[in-house]
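In the two complexes below, chain A is the common chain; its partner is chain B in one and chain C in the other.
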Partner chain A sequence: MSATAASLMQGPGSHVRPQDSLFLRLYGPRGWSILAICSVIAFVVFPLLHLAAPASSAFHVSSFWVTLVGKIMCYAIVALALDLVWGYTGILSLGHGLFFALGGYGMGMYLMRQIGREGQYQSNLPDFMVFLDWKDFPWQWWNTDQFWWAVLLAVAVPGLLAFVFGYFAFRSRVKGVYFSIITQALTFAAMLLFFRNNTGFGGNNGFTDFKRILGFSVTAPHTRMALFCITAFFLIGTLLLARWVVTSKFGRVLTAIRDAEARAMFCGYNTVHYKVAIFTVSAVLCGIAGALYVPQVGIINPSEMSPANSIEIAIWVAVGGRGSLAGAILGAGLVNGAKSFFTVAFPEYWLFALGAIFIGVTLFMPRGVVGVLHRK
Partner chain B sequence: MKATDLPELGAAGTVAEHGVVLYLDGISVSFDGFKALNSLSLAIDAGELRCVIGPNGAGKTTMMDVITGKTRPDEGRAVFGQSTDLTRLSEAEIAHAGIGRKFQKPTIFEPLTVFENLELAMKADKTVRATLFSRLSGEDGDRIASTLAMVGLREAPDRVAGLLSHGQKQWLEIGMLLMQEPKLLLLDEPVAGMSDHETERTAELFVSLAGTRSLVVVEHDMAFIESIARKVTVLHEGSVIAEGPMEQVKNDPRVIEVYLGR
Partner chain C sequence: MAAFFLSFQAHALDPGAVEKLAFGDGDEKIEAIGVLVAEGDPKAAELLKAFAEGELQTSGKQVFIVRGDKAIDASTGKPTALPKEREDVVANNRLRGAVASALGAFKLASEDRNERLAATRALADAPAAMLPLIRKALEKETDPEIRGLLELTAAGMELKDGPKEARLAAIRKLAAAENPNTKTLLLEAASDPDEDIRREAQQSLRAVDGRLALGEWLGLAFAGISLGSILLLAALGLAITYGLMGVINMAHGELIMIGAYTTYVVQGFFRNSPLFDWYLAAAVPAAFVVSALVGMALERSVIRWLYGRPLETLLATWGISLVLIQAVRTLFGAQNVQVENPAFMSGGIQVLSNLVLPWNRIVIIFFALAVLVAMWLLLSKTKLGLHIRGVTQNRAMADCVGVPTARVDTWAFGLGSGIAGLAGCALSQVGNVGPDLGQGYIVDSFLVVVFGGVGQLAGTVYAALVLGFANKLLESWSGAVLAKIAVLVFIIFFIQRRPQGLFALKGRAVEA
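For the complex of A and B:
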């Protein structure tokens, strides 16, 4: 019993006093130093090596790497978002891929509008609409030529869905594995919906062949680098926000809900409100990550909503160490790094490797990589 | 944290008015045809220390579930204070109304420190927005310190609660109830797993608390009951079969038959 308690010690606030200043509350000197080093790498070293170093130089960072790291940073935001609800609040959502994809579709609509008349059919409408013989944009596409509107959609749609879904699920006291299963069903249902051509989002092909974002070519090195830096900025912002949340009294209530929900209720906390709040924030973060992901990767389609994708997100967090924010980022990086390596070197074996990683971590590293690092 | 201005144990206050703080009237609860409570009626006076005993399955825990909103009765009324209808409120609302509950098994927030456990339990605005921006005032710190002293955890504010001994966990949970400043405390087997010394200290604490607030104690430990009880209620098969001072209840033939005699 005490061993489990000790293993959970790194929960929020174990070493933080509520009266500490905000700066110290977030991180100690070591944490801030690591964060500063990472910022320098993302905002100075990477741009210099990509844009200034000549392509022939050994120090040149190719656009492949910029896109790969940019993509993994988006995944890291998703991992942080899931860690808030799973690691800290004990709610295992296996539908976070849906919120990510919805954010991606929001941004994707804008990117499709930016193609203008340069598509195959040289129409104002995206190619798939011409192909379906549609004469006008369906209602979902209203105002999507406006960047601000697309960003709003990317944030508000996942947030609203999570709010409504979470409210009904948590109010009905759906918990544990039952909640996980219905979130799987939710993302699966959404995938089937988006597969249909009539839904108006390009069916199984989704959106691709983007040309511009805010008038800049999406393939230009400077645009790529700008997207990379914006993603890094949002990742650091998400980390600090999440850290602020988990070190606040609100964060301690989340932990309380995770470990003794009945006690939290009898202490006078309406746990439904807390769970809905953190679930909604988490979905919004996923939406932001999705919106950053699509212009960098250049494609969004319904397979992003496949149940397996959402499970993979949970594996990132488990590998890194749930209940640790640094762990979530580390897990997203390690698993996706391994994935990029495997899918190039041994494409058929990636899923086996993923399964092996998951089993290995569950058996030997219950607290994930961070748990091992902490033990030393 | 100052240790000087702590309230002394045993300094029981007196209650001026003598009203009823909790009134259960004809409460019935059945689970799949099994009557856990069978038109149970009970009144607890303000400032009273009441002990509830009864064999396993008598409905003691179900009664607490009804009072705290965890279980809805099929019939009957549960009124708190002047006119608060408990059967219509959620668990959290009942907690805010002034009822604190200790579970059979100590239920605390194990990964948090003792201090943080008390901080979370403290009477405060417990909405999402308030807790996000909450900062601890010096006054709050003093209140936590005095509770720490009251439950014998003065030396351990930074201990992780999961690492406390069983008895200390029970005390921490009682401390958390006190932080809520309830008018009525429901205590389900509060001395289970405590050493004799801890049990004695608990008895002292409860006696000192009675008067300023009402306590309902469910216990199996007869020695403990005898050391604190003024009035005892005996439950059997979901109803009250006897009520009165310990001496009288002990000699009631029905009570002897269903409970003590076995």
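For the complex of A and C:
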């Protein structure tokens, strides 16, 4: 395991040169074959076991597992996105939960529109608007019955917010812990905003009770499987994109900023542009993950924006190993797998376990699981 | 009371009113309550009580009070047979409110002046149906203060419905009112179709506004100082651990929470003792010591290994905060626990009619000042303070001249944590104490420290007060949540403009 895994997990600087052909630059033969195996599992084995294997068979994969793995893949995309800014650029953003939730709300608005008149009050408006005695959709909901518009919102709103916020923050050289704290304040402010009923996004309860997506029932096994495969596709796509970024010259500059920003600046690089660019890309990836997450999980509410969630994302990356893309995916899988196990088996002890992970990883595994694997 | 009630009484209540109370619609019922109260008969009180408690039933035209298997005729008060077919008389919340104020109104006839005054105050928002009762009370009342209040209340009722002359007179009288609710009445009158009434109402309104505005502004200022003192307490500890030592302690909120729970435990020891009012005298040092010990243990076991790696410190201390929250949940349960104010801290001083300063907040303001002064003395006048400042300014040099830097770190961290415990002790007197207590303060206290300028105690003080004022000012204008959001956004912008905070140490380093 460790040898094969290690080839996927190698840092960008080991033997890759930007002038290699794109295919070889991203991964060596071993890396590509692991990726191919993962793709076959995600696109062939999993669907077959879920849809074709009878429910009584030992090989049947229940819908619980499909949702769980689908959810974790969304988290893995977020972890990759954070790894790009934290692991490679050295900026610890505590706002990635916000970008994720904004993507989710974008998709959620479309899903709410798709409920149509099947809500509790049989109105064209979502139930919470009827409840608040609103007569019409507020302006934020304009055109959200169009799928393409909702997807655009899910991607553009986090992207735009990250661009504007990042530009101002990086231009005034806010960095390190300061940046972490103000992104946390931003997330906190957004959470308070979304908790308000008047904001127009369902207040405390957020969006839930979805019925259809693009006309397909969200609870039907085939729809779930399709969403699963799309998520897997985006996860692999994100991995390749991130790999492409970090092996490019652009990625090298990012690493330089992480290791010695002042030197990079004195070498003539405008680090603000690099940081804003990677921060925006990262936010867009989070938005995509959020948009994929909501139809699978079936709910989005402001607690997704709580500062705690954003810090948890950081710990996924830390557990897997900062500065390693496969590590980010691995970390998201390990922590969330443990979370699913603990919250069912010993709900009281999950916070103890999570706390211990935070402390243990920072004290004893500064390079995460990948670092431990590499040492052997 | 029941025995008195069952005793034979020749006088019967107005049957028309009893009938209206039983069979009428909502407005008729309220009217009937007014009529019954004006009779001033104890039987009426009994009937209204029964009505509010759902003991009133009807059968055909007959109205009676049912208690267990006994029935009493409602208007005469004589026991009657209990018919088989009966229906409940339903009282909704509005009617119950009317009954409550009516029952209070019976006390207007009391011998005791204080009781009469209390009843008069309680009647201030009573429905207009109470007017006859108030008139009756005015005939007998001699105390000028009570008379004044009663006249105002009567004026408010007359303003609602009455002949034009009476309404104009009522409006003039209301100009002397100090009750904020009369303002709403006048506002209504100010948009009256009748022009005379409108003009008169606007004049009165200006008079009332002028008097209320002062109280409102003072109240706002006090709320600002109070919030500022709480923010200051929450942030002072952080000003040491983060501001001076540079440790990002995300578990700071949980150290506050531990202080609050220590107060709760100490309160438990004093529960049945005559010294209960003085439990805070024991709780304050206990909260300091417990939080300081927890903090020192954390410093020794975890934080020590992460100096110079702020982002890792952030994650590890976040993990510590999760463990602490869950530990408290396991020990004390997930529910909030009850911490009572000692007697001398409950209640408040009535400064103006619409301005009451609660004692607990006043005490906290002075407590915050005391903590601030103590901390300043400790940092500037003691050897430990000297060492802390030395290590902060130049660790290597301090080490060279023989300052035991590692031990100073532990003590300084303990000091910061102990002050967090004091903050928790103070917070337990004004808010809920639960496992999540600290989470609400962590973002705030970091922002106070960062806003004020890292490494600056004076900055922390100013920042806490400015943010407290700004928050309360915006709150009065836009509501609590939007105010909070506005303050957060303001700080985000502020830090982008001046990343060093309000009061920066000047320097020329590239890596600030």
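In this section, the second predicted complex is superposed on the first by the 365 of 376 C-alpha atoms of A that agree within 3 Å, B and C clash if a C-alpha of one lies under 4 Å from a C-alpha of the other, contacts with A are read in each partner's own complex, and residues count from 1 in each chain.
Basically, a contact is a pair of C-beta atoms (placed from the backbone, for glycine too) under 8 Å apart; a residue touches a chain by one contact, two chains touch by 3 or more.
Treat the numbers as computed from the prediction; the structure is a model and nothing was measured.
A.B. asks: Between chain B (first) and chain C (second), which does A:A262 come into contact with in this model arrangement: first, second, both, or neither?
C.D. replies: The answer is both, since A:A262 touches chain B and chain C.
A.B. asks: Please indicate which partner A:I315 is in contact with in the superposed arrangement: first for chain B, second for chain C, both, or neither.
C.D. replies: The second partner, chain C, only.
A.B. asks: Once chain A of both complexes is superposed, is A:L26 in touch with chain B (first), chain C (second), both, or neither?
C.D. replies: After superposition on chain A, A:L26 lies in contact with neither partner.
A.B. asks: Counting residues of chain A in contact, which comes out ahead: chain B or chain C?
C.D. replies: Ranking chain B and chain C by residues of chain A touched puts C first.
A.B. asks: Quick one: classify A:L186 as touching chain B (first), chain C (second), both or neither.
C.D. replies: In the superposed model, A:L186 contacts chain C only, not chain B.
A.B. asks: Check whether A:R196 is in contact with chain B, with chain C, with both or with neither, and answer first, second, both or neither.
C.D. replies: In the superposition, A:R196 touches chain C alone.
A.B. asks: Applying the document's definition of touch, where does A:S248 land relative to chain B and chain C: first, second, both, or neither?
C.D. replies: So A:S248 only meets chain B here.
A.B. asks: Under the stated touch criterion, which partner chain does A:Y274 make contact with: chain B (first), chain C (second), both, or neither?
C.D. replies: In the superposition, A:Y274 contacts chain B only.
A.B. asks: Quick one: classify A:G355 as touching chain B (first), chain C (second), both or neither.
C.D. replies: Touch partner of A:G355: chain C, not chain B.
A.B. asks: Determine where on chain A the residues touched by chain B overlap those touched by chain C, and list them.
C.D. replies: Correct list for chain A: 262.
A.B. asks: Going by the contact rule at the top, pick out the chain B residues touching chain A in the complex.
C.D. replies: Result: residues 68, 70, 90-92, 95-96, 100-101, 103, 107-113, 116, 119-121, 123, 126-128, 131-136, 141, 160-163, 173, 176, 180 of chain B touch chain A.
A.B. asks: Please give the residue numbers of chain C that touch chain A in the complex, ascending.
C.D. replies: For chain C paired with chain A, touching residues are 248, 250, 302, 305-306, 310-316, 318-323, 325-327, 329-330, 439, 443, 446-447, 450, 481-482, 484-485, 488-489, 491-493, 495-497, 499, 510-512.
A.B. asks: Taking the touch rule as given, give the residues of chain A at its contact with chain B in the complex, in rising order.
C.D. replies: Checking each residue of chain A against chain B gives 1-2, 4-6, 8-9, 11, 13-14, 18-19, 245, 248-250, 252-253, 255-256, 259-260, 262-271, 273-274, 277.
A.B. asks: Can you list the residues on chain A that touch chain C in the complex?
C.D. replies: 92, 168-169, 171-174, 176-178, 180-182, 184-186, 188-189, 192-193, 195-196, 261-262, 307-308, 311, 314-315, 318, 348-349, 351-352, 354-359, 361-363, 366
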